[in-house]
């Protein structure tokens, strides 16, 4: 941020009168606004995509009345939710009730900070990138539990408890499944992980093809991520047909909108992490993104990244509309007895591989043999 | 009890919890109508689930006492609205037995055709809403799409898509339209491969099977003792189908298999068996309709019955195989134009009997599975 | 759970999921699979026998009240008066389409086939009064008054004709030599018919009401 502030001052000399800390603060706020705007736009686009994909799969048309092909549907929904009456149940814990959506939204939105959108396009390249994401998305658990408790509704309570158990349990496989990518890159920073997948035409360097264990790891990560974001088949906390919307049953209007938006935000974050860690992030096929002229490099890598991330989101939606829901004990069993042992086994496999083959993956070894 | 279970038991006893009473109220997405289930749970595990019916009671039986026999026909549509033709015909058969009215053969064939088509559409809804309750929203829309085609056929025949009011005392109200047979054949050819598609999509999906297998097992003896009928009874392995064992109408001339649960994915008599019985019954209904279309003779479709006929003072109980079990009409006539007593016995009402015993110890998510697998419908329960 | 069962479990889950995803994908990418009809721009044509709102062709209706007798929910109400030619004249014919259950029993019972189903099904309104369809457009009281006048005129004509016939008969008898039936001079007037020139005296009570008309007068729902 400081470097950005300094280069901004250099570019606009009249701003040199302002102290540096103010400039840095100003830049930080501006970046935050940009990222928030992107997050909200994605949440709108995501909800539109969800409904259109649902319509296509279910032999019907999705929204198509508001705006051409219904693309303004999310705006109409947003306006509707804002205009709704703010109902707080009589015996609900008012403070916690109002606080819960913010925890959930912050937990989801704060993870956007370390998403590597493109070459040099990252809000803050923390050197603990992956670790930070895992930690900050845990705020969602607190929010969901608060929502469940504060609603003074037994169904909400059940949903909240289930959600807490689910999200906490599935954080372990998510983290463990991301470890191979970290091991290969040697760093927790997401930009480093993406950079470590460059070269080899920008496609074969992907961690997905690195070795069979990382391939398996990708599948495990995807499954665990589906659970983290409460998508069917793991959508018990908001099981429409059982708990009548679970922990957010008593919420209406903008408070409900925050839960809703946080869900899509979460979906994008896990998709972005999957892209960054396994699918080569913003690496452009054939070109080396870092060597392209500045604006082109940024733009192309951004487009590539968004394309891959949206493809992942599409995949999550496809799975969502196909599968039925797991029961809560089956869900916990799947996490603790299937996903966690498999991810640990995977991690062991990747570590052994890296030890044996000196950190090179299958494509790298083939390339070395061919002589590239 | 294994060592692990014994330890768990000891831990549970050391930390007592109180039971929660939750209302799975009349307004709920999964209760297939206005059913209230009072759950007493310890966390997720249900210790008692008591159903509370009556939210849809409209006094149909009392209404029947002040209407003539012919006037009550539209009300039978509203008994099991997803199987309107079946209920219409069940009532018609009962009154015809009471008043000794003979129905022309063509009318009987037509009745069987529409009853079996309605069985298909009713099982489609049962399949669709059951999978939707389980969380797979897509098969529901596919089944609705199929059902719309059946509704198109029925609209051509009788003019309505849900409350058909097609059967009359003595036959049916109108003959088949000229292109009905062709359209039906088209529908059957289109629909038969779809059943395999549904099986591939959802029926044998591991998650779905895990949700249903070994849940709420009803043994054959229990099923008979509690008076279950229809697919619920056959799902427990009891091969009893009124169409074969107490045949009525033209069923003796038609060849079909009685679908019985086989315990293919769990214990015999669990939710999965009941579900599969319905899927297989759709196939058998297709067979029946094809045969009936081939065998249907020409002739009149309505016998001459006076508008205000007075059957002799007698009582009769006629039962037929409806998609949700046995629908029986107990009619008592006192020689006037109105029945003295018109009692309706429905499969769903009796199925509610077994709800409380089989849901002990299940989880809340399983309660939804049980309601769906019993395939109840509230207007039939509450009348 | 042995290792074999564990692996088989995982494999089974993956395979069945993949099969399911293949089917949903086939629907997802196939644009022909959209069965939605964009109502109200695309409307489905109801079938020929569709049981929509009822319509009564009052020119053909003979006010026989079969429809009322057959209706299970008492949604039809009619009022009629006996006209000069001894046939019933419809004063009002109302169907409450909110009560009607579109069963079609009345259409089947109508002997002149004046009552028919239309293919209409779109008549949502915010006012329950709007849901009572009146098929006789003229004002009921005017019809009654007109019919009363016609009946009175016919009665007067009949009385005059009877008097003339009586006079002719008396003439014929006189010429034939039969003692005049003076005691029977007062021609027997039909019971209840007033002296000519007093049409206003005809009241509803005097006119024989058709069976069922008063009893089935539907109370006008308020509002």
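We call the chains A, B and C, going by the order they appear; numbering starts again at 1 in every chain.
Convention: contacts are C-beta pairs under 8 Å (C-beta built on N, C-alpha and C of every residue); 3 or more make two chains touch, one makes a residue touch a chain.
Just so it is clear, the model here is predicted, and its values are computed rather than measured.
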{"item": "More contacts between chains, B-C or A-C", "value": "B-C"}
{"item": "Chain whose mean Cα position lies farthest from subunit B", "value": "A"}
{"item": "Interchain centroid distance [CA atoms averaged], subunit A/subunit B, Å", "value": "45"}
{"item": "Whole-Å gap separating subunit A and subunit C, where each centre is the average of the chain's CA atoms", "value": "65"}
{"item": "Computed distance of Cα centres, subunit C from subunit B, in Å", "value": "36"}
{"item": "Subunit C: positions in contact with at least two other chains", "value": "9, 17, 20, 23-24, 35"}
{"item": "Where subunit A touches two or more other chains, by residue", "value": "57-60, 321-323"}
{"item": "Residues within subunit B bordering two or more other chains", "value": "138, 145, 201-202, 205, 207"}
{"item": "Subunit C residues touching subunit B - in the complex, by the definition given at the top", "value": "9, 12-13, 16-17, 19-20, 23-24, 35, 46-51, 70-72, 101-105, 108-109, 117"}
{"item": "Interface residues, subunit A side, partner subunit C - complex", "value": "53, 55-61, 64, 318-319, 321-323, 338"}
{"item": "Contact footprint of subunit B on subunit A as seen in their complex", "value": "54, 57-60, 154-155, 158, 161-162, 232-233, 235-236, 239-242, 244, 321-330"}
{"item": "Interface residues, subunit B side, partner subunit A - complex", "value": "20, 22, 28-30, 43-44, 131-138, 141-142, 145, 201-202, 205, 207-208, 210-211, 363-366, 368"}
{"item": "Of all residues in subunit C, those that touch subunit A in their complex", "value": "6, 9-10, 17, 20-21, 23-25, 27-29, 33-36, 38"}
